[in-house]
Every structure is written in C-alpha cells, then in structure tokens.
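The following blocks contain the structures, represented as structure tokens.
What follows is a pair of complexes built around chain A, which joins chain B in one and chain C in the other.
This part shows the complex of A and B:
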C-alpha cells in the first residue's frame, strides 16, 4: 500500500483565529473514498504567519505544498490533486 | 530558617449550606497581608441560619480580620470584638462564635477561640495538644465570658483544622450518631485520612471532612457545615513557559530551565513549544480530536504536563480563575475540560513560576484580527495577581 497523503493543519494562534478552527473537522468533510488515503494532523505554528510572502493565515500543508487562506474546499481540492497520484 | 521558600502554608476551606437555605450562616475568610508575611483565617458561625446568621457571621469575620491584622494584642482585640458584637438578650448568648488563626512569617501560630469546636492540631500523623490560656471578662449583658488563646511554633508537616458545629453535630438524631458525630470522631476520621494519605493537601482534607459530615446528615445538611485547614509543607511547584524569548540566544535558556525544573510543567504557546522541542530534540504531537471550549487543541511533548496554545488559552484561564472562589472550588472544576484541567494544575500548586518570552508576535497586533488578543505580559500579570490575592499562591514572573 502506498504512503498516505499527509495534511497538516496549523493550530497556532494566528491560523486559529483567522478561521483555522473550522478546518479541524476537515477529516469529517472528506469524501469517504478519500478518507483512508489521507492522514490529517495538527501542528503548532508552522512559521508561515511570520512572513507576508506566504500569504494569509490560516495555513495548511498538503504534503509539502502550502495552502494559504485555507478553507475546507481549498484543502480538499488540493488533496484531490494528490489522490489522483496515489493509486494502489 | 523557617521563613524560606522551602516551606509553604496552604490554607483552604470548604462548606455545605444547611439544606433548604440559600446562603450559609457560617463565614470563613482567609487573607494575607500585602507583604505576605502574615496569613489570617477566621471562621465564624452566626446564630441560627440563613440571611440573618450570614450577616452576623460576616460582620464578625470582617471586624475580626481588620482588628487582628492591624493590632498585635490578640487578647484585647478579642475582648473588644466580643463586647462590640450584638447579643441575643433573650437567650443570653452571643450572636456569633469565631475561631481566628494567624500565621506570621510561616512560623508563629496564634489561635483565638470563642465557642466554636476546639481547633485540631496534627503534627504529621499525630494529634498534638498545645497548651491554651483561658481568659475571662465581664460582658455588660451576657455576664462572664470566656475565650482561649494559644501560640506555638509551626513545623514542617503541621496541620491545623477548625470547623463549625455543623461538623461535630452532623448526623445528630440519625441512627449511627445519636448525639452527632462529635469532636472525637471527627479527629479520628482526620487521623485516618492522614494515615492513608500522609501528604493529603489542606484542600482535599477540608473537602473530605465536609463530605463526611454531609454524609452523616444523610446528604441533607441539618446546619451549615464549614471546615478550614492549614497545612505547612514543602511547596508543590509549577513552571509555565509562555512566549518566545526576545533574544533568540535565550532559546536554549528557556529549554534548559524547563528541562531541569523540579515540578510540574506547562508550555503555553505553539512557537514556544516548537523552540523547546527543537532545543531538547523532542517531538510535538497535536491532537486535533481533543478539543474543548472553542480553544485550539492541546499538544503533547514528553516530559511536559500540558502543552497549549498561548494567549487565547491564557485569557480564558484568567476568566475561569476569576469565576472561582476559595470555598469549594474543586467541585466545579471538571478535569475533562482543558481550561479546568489547567486551572487545577495551578490550584494544586503552591509556587508558580512564569517564564515569559517578550518577543512580540507582530501578527497579534494585526488590525484585521477577528478577535482582540491581549498582550501576553498583561495577561500573565493579571493571572499572577488573582493567584496571589484570591488563592494565596506564591507567584514569580521572569521575563526573557
């Protein structure tokens, strides 16, 4: 079996107040056939909020790709790009 | 040598209100003076129950507190109080009884007792009797009145326990204790509790005594039940590290302090946790499923008792502490809730050290922020103040 796709949701203060709180239920919102291919983790401040060049909080890392101003839709979209690559 | 940071005086009180009443007729106050070298505890039992008794006992405690704190001579202060307090001219008794315990410089104990059940003194697991002096004087209405005074040197492991007659008379009329629980049985119970848990805190001991007395009354208190305990022991310590240091060179310092701290440890702040994890080569795991209270989730790091987000969590903690008071706060705190769990870690500690990083997180000053975030330093100062004033903790703050 292939490695799961890692999604890291930043739970730092900035990301949290800018809407990261809504992302914590991401797993529930994933389409069921995708769920088992994805591992959703929390992370302490990922550091992106300290530099404007990365865009705005909240931040999510899908594998090593950064999603800024993340919301559930944006993250799922990004995850889906990876799902297509992960074929068992 | 007694007045060092290796001794801590824990004082706690608990209470059950007489069944059917909405306010307790007993009043207990615990107070320390500004320079914190003197702790005063006063427990007063107002005649009867309900509002009237509450007024009488709180009048007594507040008058006694002011006088004892500002005047050295316990005996003349007691006479003044007893002459000033209202009396019941029909029953020829005073409207309120009281016990006053004062501890100076963690060393000298002075106790004045007027008509409450006698104070109980334990040294380690043994009941000890200290000599009391009895004083008499003529009261204009009540005639001859008597009170007792004692003083002694406090030692590590000493406990003082005082209670209202709601404790000694609990269970009266029930099958088991026809004449009530009585002082001797209460003492026996205390010695059992201490022998099964020699380090039992003042907080837990007073809660236990109250619960037992309440059970004697078959969970319908027949009178107000109040207990206060003093325990002289080695301090339990808590370290709270919050915020990245102003100077990055100090990163290793905060990690070093945390690693070597002899007590419980909390990290408040993701960046702070990252710094410490990096310095100590540890891993941080955030558990996004463990959430409560609309707070960012907690994290785990080996060797640390609790890892939380920073300013939002600390602000909530402050508000929670503000909502509590000294009497029976344990009952309302639920360890399954993050803020309560944190509050319990604080309340179960005697000496609390904050290591506060002062690097400003510019994003927290961002005007677009949907909520207002307080400056870490200010929140910590407010937490320190409430822990000292209301909960008599020793709190130190070091800014880095």
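This part shows the complex of A and C:
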C-alpha cells in the first residue's frame, strides 16, 4: 500500500487569522503528479502559537516537520522534499 | 485574507493593541510598540528602522481612532492619543485615513521607458507624443513627468514594447476616481466622491490607506459594567472553520453580554423589499428595482448616479433593522456591529441605533489577543434564530433568493433578477445606462460592491470561495 505524505494545516484561530485561511486550497495548488501522494488535513490548534520559539503563525506540519509562517509555496517546497522518499 | 506581508503587519498591530487594551496597559506601553516591532539592528521593511517606526506610529494612531491627516504636533506621543481615545464619549467620525509617510512610493507618470529601449532612429515615441514630453538622452527615451499627460500613445507606438504601463494600484482600482495625488505625490481621498468600498485599502502594497478603528472604544466598554451586544453580519460564519455557535461563544468569551444575528434584520429587509417590488414593479410603472443593503452601492448611487436613486429600494439595511429591534429591547445597551466591510462603518456613523463597528479581522485579532481559540470556545446559541432567507444575504444571489421567500408563488415567477457582482468602472457604466435603457428581462438588480458579495469584503479572513461554501452548508443545515 502506498504511504501518503501527511500535511496538517493548523486551523486554530491564531493560524487561521494570520494566513492559515489561505492554505485551505493548498490541495488545488499541488503539482498534479504529487497530488495523489499527499493527504491534506485541517487540524485543530496544534499549540505552536503558544511558544515563540516555534516562530510565527500560520503553522503547518508536513509529516513531523514544522513549517512556520507557512504559505502555499513554502509548504509545497517542503512536500516536494518528501515526495522522493515515498515508497511506491 | 493574509496573502501579503502588509496585511500580516496590520494584523500583528491590531492584535498587540487589543492585548494592551484588554490588559489595561495601553497608555503605559503603547509608546514602546513601534520600537519593539523594529528594534535597532533588526530588519526594516523600509529604508531604515527609524522610518518603519515612524510609520508604525501612524498605523497605531489610526488603530486608536485618529486620522493621520489631523496630526498637529509631531511630538504628541501615542500614549496621549491613547488617553484621549479612552476618554472620548463619541466615536471617531472618520472612516479612512491615508498614512502619507507610507505612501508616495508610486509613480507620478504611468508610462515608463524600460532598458529595452534602443533609442532607435525612427523614434515614434518622440514624434507621436502630443505634449513633446519625450526626449532621447544617453541613447534612450526619457519621459518628462512635468509634461506627460498619461495618454499612453508612446507605449502603443514603440516597436520594441520598451515602454510599459505602471499602475498606481489605489487609483487604478478606485471605481469612482476618488483618490489622487497632491502636488507632493501623496494620495488623497476626496470624500465628496468616496463610496467607502475599501478597495484602495486592500490593494495598496504599502498599506498606506487604513481604517480609523473603534477597537479601543469597544474594548473599553467590554471591560465596563455596561451591557454590550454584538450584532454579527452573516458573512462572519464563513470566516472561521467552526460552527456559528462556537463563533458566538468566542464572542461571548471576549466579554460581550449577548450575540445576535444580523440575518434577523435581513429578513425584515427582504420582507420590505418584496412588498416594494410588488407595488412598484409588478403593480406599478417602474421597469426595475435595485437592492439597497450594500452601503457602498447606495453611496455610489447617491454620489455618482443620482438619476438611479429612484430605482433603489427604500428599504433600510439588515444592520439597521437588527439594531432597531435591539435598541427597543435594550435601550441602554451598547450595540456593536461585526462587519466585513468599510462602508458599514460609514453607514453606522449615520445610523441612529448602531454605536460601534468592529471589522472581521479586528474580531479575529481580538480573539488572539485574549488567547481565545474559536474551536475550543463553549458553544453559545443566540436566543433568536434567523431563517434561511436572511442568512443567505452575504453570498451574491442571496438577496434575490431571499426575496422569493416573501413573494407569492405567482409573483415569484415574475421576478427576474440580475446581479452586479462587484462595483467597478464597467458595472457603474452598465448601471448608468440602465436608467434610460433598462435591460429587457431584468426587473430586480442585486448590487454588491464586493465580488462574490459580503464574503469578498475588504476585511475578511477566509478566502471568499471557502466562506461561501461554509455559509451555504450552514444555511442547508438550517431547516427553517
């Protein structure tokens, strides 16, 4: 079975107001060849906004790697790093 | 929507000011904020941290409810403004302000000769310029800004496509020509023309046009013993992923004493509009009628197409009716409208019942300032539940749909609506032409200044598409 890359977009209020809202159509922006290898999920507050050391909202988890001040391009870039590792 | 850095900076400041106001440290701490944001040796978004600090000061001034244009004493500290703001009884009578220090980065002349210019022998730009504004220096064409009248002929005739059009975003997007430069190159808003659509504010890449906020006035009342009621525009439901009851609960956590849906007033608007439609169109002489709930549209008609005014419904807005109902029940309460748009600020200033306006993004930032996560909020069910018809107003087409609920089956068949999906130069021309040449098969015009309806408003958080589908789901889940 193919293992998909999990992308969790924090939809806690802090993340959402600071741009998480714009990440909700991330799936549409993924390159078509990787779309099926990625699973995009909205997550309730992941808690990273509580500690300044993680940087600024919005936060996205690509597998277990944190992307802060996330935007569509940053997230796709991170996803692409994982794409090659996915075992078909 | 945060799709650029300017909006991020704005929301960071709204959050900071809200936090200080909630914690009662506004006067003590406010003067530190520009320096904390741009410390020595830190990253500046301008030429240097000092300029960034100066502009931040003006941004805060506007957030405290003051117009930057009204600054008389440059030495007056933010703490003094904060004190004045907290002491004032009446709300700031202004809606927008231009931060002149932040502006001025835009071109005076819209046509620009790029390096692709070869200084050719033919020189059609020089020959065709009706004002003699172009000369060749150092092998390239140069446009003299003092002579250029922005006609664009040079761009059209250049065989190398070396001359480009550089827009001034605010002037370009303003549908009514209300914003222009003064002799120093700074933009000024002509309030005889402005319709408060807020498009200039959204589009300015330097975020030089901002609202005069009522944030600290509202927070002051939230902390007081006075009863404060939030009336939320139905578009709010599309601004967060959580159900309406959670959003209402989060509003209660902010310190509001109660929450009401403006969709309640929208039902009154739709009901009145249906009666008027029957009288004036189905039984009367008028060829068509337009909606009146979008305040930027109403302002546009008043200031720019007065001859269309008799076609606009005389019905008041959903905000007005909701506030009227609440005022009758709670004569001493403070009524705060939660708004997707700038034009509602202007409407509220002239409304006898609404006391304050808080924008969607301000509400979102207030949640963050108080550490409230909407999804974790305790659900609150507003006491009075609105119907489908009123809740559909914020998505384009929703007003026409609502009208159908209040028309008889026969009359419903006779309604043939069209939508003005966003006010721009083109739709204004269409509306102008309709005064003398009404469109066949159109007897109702639903006019919205923002594309997509209120979900596309200038202070929204969610992508309009996502907000629309959330609202539609909300309406569908509502049985009534």
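A few remarks follow.
What we mean here is this: the second predicted complex is superposed on the first by the 86 of 88 C-alpha atoms of A that agree within 3 Å, B and C clash if a C-alpha of one lies under 4 Å from a C-alpha of the other, contacts with A are read in each partner's own complex, and residues count from 1 in each chain.
Keep in mind that, in the parts below, contacts are C-beta pairs under 8 Å (C-beta built on N, C-alpha and C of every residue); 3 or more make two chains touch, one makes a residue touch a chain.
Every value quoted in this text rests on a predicted model; they were computed, and no experiment measured them.
By the touch criterion stated above, A:45 is placed in contact with chain B and with chain C alike.
When the two structures are aligned on the shared chain, A:11 is found in touch with chain B and with chain C.
Touch criterion met: A:22 reaches chain C, while chain B stays clear of it.
Touched residues of chain A were counted for both chain B and chain C, and B has more of them. Looking at the shared chain after the overlay, A:62 reaches neither chain B nor chain C. In the superposition on chain A, chain A positions 11-14, 16-18, 21, 24, 42, 44-45 are in contact with chain B in one complex as well as with chain C in the other. Chain A makes touch with chain B in their complex at residues 9, 11-14, 16-18, 20-21, 24, 40-45, 47, 49-50, 57. Here chain B touches chain A in the complex through residues 269-271, 273-274, 284, 286-288, 291, 294, 296-297, 299, 309-312, 361-364, 366, 369-371, 373, going by the rule given at the top.
Listing the residues of chain C that touch chain A in their complex gives 1-3, 8, 11, 240-241, 250, 361, 364-365, 367-368, 372-376, 461-463, 465-466. Within the complex, the chain A residues that touch chain C are 11-14, 16-19, 21-22, 24-25, 42, 44-45.
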